[in-house]
Amino acid sequence: MSAHLLWPACALAALLFTACGGGPPQQQQQTANTRTAGGGKLQINGAGATFPYPIYSKWFAEYNRQHPNIEINYQSIGSGGGVRQLTNRTVFFGASDMSMSDEQLKAAPGPVLHFPTVLGAVVPVYNLQGTADLKFSGPLLADVYLGKITKWNDPAIATLNPGVKLPATDIAVVHRSDGSGTTFIWVDYLAKVSPEFKTRVGVNSSVNWPVGVGGKGNEGVAGLVAQTPGAIGYVELIYALQNKIDFASVQNAAGESIKASPDSVTKAAAGAAVPDDFRVSITNAPGAGAYPIASFTWLLLYQEPIDRAQARAMVDFVKWAVTDGQKFATELGYAPLPHTLAQRELNALERIKTS
Amino acid sequence: MTRDVRRRFVSAVFVAACAAAVLLALIPLAMILFFVVSQGLQALNVAFFTQLPRPVGESGGGMLNALVGTFVLTGVAALIAIPIGVISGIYMSEYRGTRLATATRFAADTLNGVPSIVIGIFAYAVAVLPFRQFSAMAGGLALGVMMIPIIARTTEELLLLVPGALREGALALGATRARAVFSVIVPAALPGIITGVVLALARIAGETAPLLFTAFNNRFFSTDLRQPIASMTVQIFTYAISPYEDWHRQAWAGALVLVSFVLVCSLVARVVTARVQRLRG
Amino acid sequence: MRTELLFRVLIGACAVLLVVLVAAIGVELARESVLSIRAFGLRFWVTTTWDPVAGEFGALPFIWGTLYSSVLALLISTPIALGIAIFISELSPERLRAPLVFLTELLAAIPSIVYGLWAIFVLVPIVRQLEASTPEVLRALPLFSGPPLGVGMVSAALVLAVMIIPFTSAVAREVLKTVPVAQREAAYALGATRFEAIRSALFFARTGIVGAIMLGFGRALGETMAVTMVVGNNPQISASLFAPQYTMAAVIANEFTEATDELYLHALVEIGLVLFIITLIVNAGSRLLIWAMSRSAAPAVAPTSPAAATV
């Protein structure tokens, strides 16, 4: 072979190699969503909230270690996305921090069941060098996100934080750019404490923000706040803890200034009356020691899924998650589910058709 | 200042400005390469190439699934784009001047200019929605559609470069058009065509937008064409916008691997082109 | 002759496939945005609200953001790109030519996600510093108003500018190659300085140069990843360079998988349709100009190298 053909031959070989990367066709199964390779491996695709992503990624990895043939591939694209992909049936399960509305449930091709997995807190994170432990209140946060309070040394902030030296810098507001359950929890709370916020902005997973920069996912907001001096944002507690971003305490309905923690979140859920379909909001919960911006997060499963093999695997997983899996909750900043609630869920899981 | 001196002065300033422009453009290039290499090398280790991603909070892990995923996706794209691209290129050069050739050329140039995100929407509508499934197939389709016009135009131009004497000789010896094309003309242009394909592959391997809602992403190792699949580019994107330092480091490492791959392809292309030109004399 | 016809038909089928493909893209985009087209009609192009809660969608903030960032990128990159093209084709010593061409091609070959990575971690902090240190007197102007976030219009424009420099420069170089040598020789024979000779060559090639610039513009319009990571993701219309804004490609990338209802999704696809149409017009126009230029110049247009075929 002449020298000048050597390079093209190498390139061709590389091409053939990439083409072979496609692999031999896998064993066929009845339904479109099942993919079982030679060793009986089952891959289940899900998508949704970024709020529980830290604990879900831990759970799915842990579950895979215990059941190596079951791979649960979860993509955190935001609660809105999770609901959409689930409705389109482009994923097997969804995850959302915002329970599906009645319209969304009606739009789905089949009945969807909600299963709370953990409790979490949304915290106001901020980036002000040398100023830790700020105190905020609901109406204050609403005004910041309405664009009415624009500087850190505004009297409203100073009143809540006597003795703290506040700089005259602009407040750089950060919110979510994607459809987010975390947003829902945040605006749900702000709407409860500020009538103006309720009318001007409203409550949904994606709202028309009066001011601010959009970050993609909890990760994006945390990243933006961490890198922008003078920024304020809202993220799930674990994102603030893991990235060592300062977060403020918030005044609850009882007038106390509470810093988010698994304990204060549990107190917020303590008094809640959870209906049979498990859809409930626990923001601005009454009671001492309750953190006001707390919420359940749900896994969304069809009651009559198309793929029964995946259904069996998911039901087993959820059973494990609401019982054994709960031990991972506190170390990641989430609050475990109350025992009685977990029991009710185990019963409700029976409703899913697995055969 | 006399008019003459002024003119020479203006000219000198102009030349200096052009040289400055070159330096100015090289600054971001140098910066990017510097950061990619320095940051990427720190996070590059054997684990990067052999392990799967770890869950949030656990350090370490690698991008094995993304590396393989990019190979698979570019493989599918190549399988789609090379036949269509090369054959369209052959038509455009053989039947140059016909209305179809002009239309095809226009279509290829248009397709070249379509934003990659729009091609992603197209692939979503055609390959994801009907099957209710994100898949490597859909991602490969999106990338393949992007590759087709590059390969088609390159093939066309290279075939036009083949000396007319070669074609005339083949036809004079009694070959049919098909024979002349496939046995004589295309082989003569083959090094260049392969170069074009390699460069197109390098370009496609670096695309992110069309994969966002076609191939989606996958935390696990997968080569299944009917399942979502990880890719270097989407993984780098996910890591880059996250707040985790460890993920940022892996993003740089991924960028280093990607840029190295592109560089190698570029160099191979240049070497092949230079050799072919030297052989042609 | 039967085999000849068969050959032509089979080969031609592939060519037809290409044409059909482009048409299919347009058709699919229209099909998947029909709900939004029906709901908003032409209003879509001029409404500024982007409110998924209320179901009110308008493309104007994104059209603004795309045009603003692309025009800014064009203003920054064109002098540099032309300078490079002129330097390489007219002024550079022979030995430097190949390495310089290689380096420009390298700029073009760097994947957009790597640009985005560099932009987020290196460019944005620099821009943030610059924004924070802008003198107060300038801050009062609407062009420089707003908090120093770093992410925003100027970062997006800068990264876009760097990305389109190699494209504009490569095409400009090709265009300059088609200027007949006699033209330049005549200028030098008449005693022109280098600047004056090049200026006359540029004037001769002006249609093609404009085409090259437009091509770069078209590239900037459609760029997604690098812009998404630094533009700030806020659908507002603002003249300020510091303000976070949004482009058509960025909103699709961010919100496509998450659109919570059909209308939302269709509105996003309609934005894709708008982008498709705009880039189509810009690219077709630029190719027309380049083609017209090459027709009026030397009879044989130097074919583009495979590398530049990425344009």
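Think of it as A, B and C in the order they're written, each chain with its own count starting at 1.
One rule holds in what follows: a contact is a pair of C-beta atoms (placed from the backbone, for glycine too) under 8 Å apart; a residue touches a chain by one contact, two chains touch by 3 or more.
Predicted model, so just to flag it, every value in this text is computed and none were measured.
> Using the definition of touching given at the top, classify the network of chains in this structure as line, ring, star, complete or other.
The chain contacts form a complete graph, every chain touching every other.
> Please give the pair of chains with the highest number of C-beta contact pairs.
So the pair of chains linked by the most contacts is B-C.
> Between subunit A and subunit B, what distance separates the C-alpha centroids? Give it in angstrom.
Taking the mean C-alpha position of each chain, the two centres sit 35 Å apart.
> Centre to centre, by mean C-alpha position, how many angstrom separate subunit B and subunit C?
17
> For subunit B, which residues are shared contacts with two or more other chains?
195, 216, 241 - these are the residues of subunit B that touch more than one other chain.
> Indicate the residues of subunit C shared as contacts by at least two other chains.
257
> Send over the residues of subunit A in touch with two or more other chains.
Those would be 47, 215-216.
> Quick check: in the complex, which residue numbers of subunit C touch subunit A?
49-54, 124-125, 128, 132, 146-152, 232-234, 244, 246, 254-255, 257-261, 265
> So in the complex, which bits of subunit B are touching subunit A?
54-57, 68, 71-72, 74-76, 78-79, 82, 128-129, 131-134, 190-191, 194-195, 197-198, 201, 216-220, 222-228, 241-244, 268, 271-272, 275-276, 279
> Touching subunit C in the complex: which residues of subunit A?
Subunit A residues touching subunit C: 47, 77-78, 80-81, 83-85, 104, 107, 169-172, 177-179, 202-209, 212-216, 224, 227-231.
> Could you please specify the touching residues of subunit A with respect to subunit B in the complex?
3-5, 7-8, 10-12, 14-15, 17-23, 26, 32-33, 35, 37, 43, 45, 47, 53-54, 57-58, 60-61, 64, 71, 73-75, 88-91, 215-217, 219-220, 222-223, 226, 239, 242-243, 245, 332
> Would you tell me which residues of subunit C are touching subunit B in their complex?
3-4, 7-8, 11-12, 14-19, 21-22, 24-25, 28-29, 31-32, 79-84, 86-88, 91, 100, 102-107, 109-118, 120-122, 162, 165-166, 169, 193-196, 198, 218-219, 221-225, 229, 249, 252-253, 256-257, 269, 272, 275-276, 279-280, 282-284, 287, 303-307, 309-311
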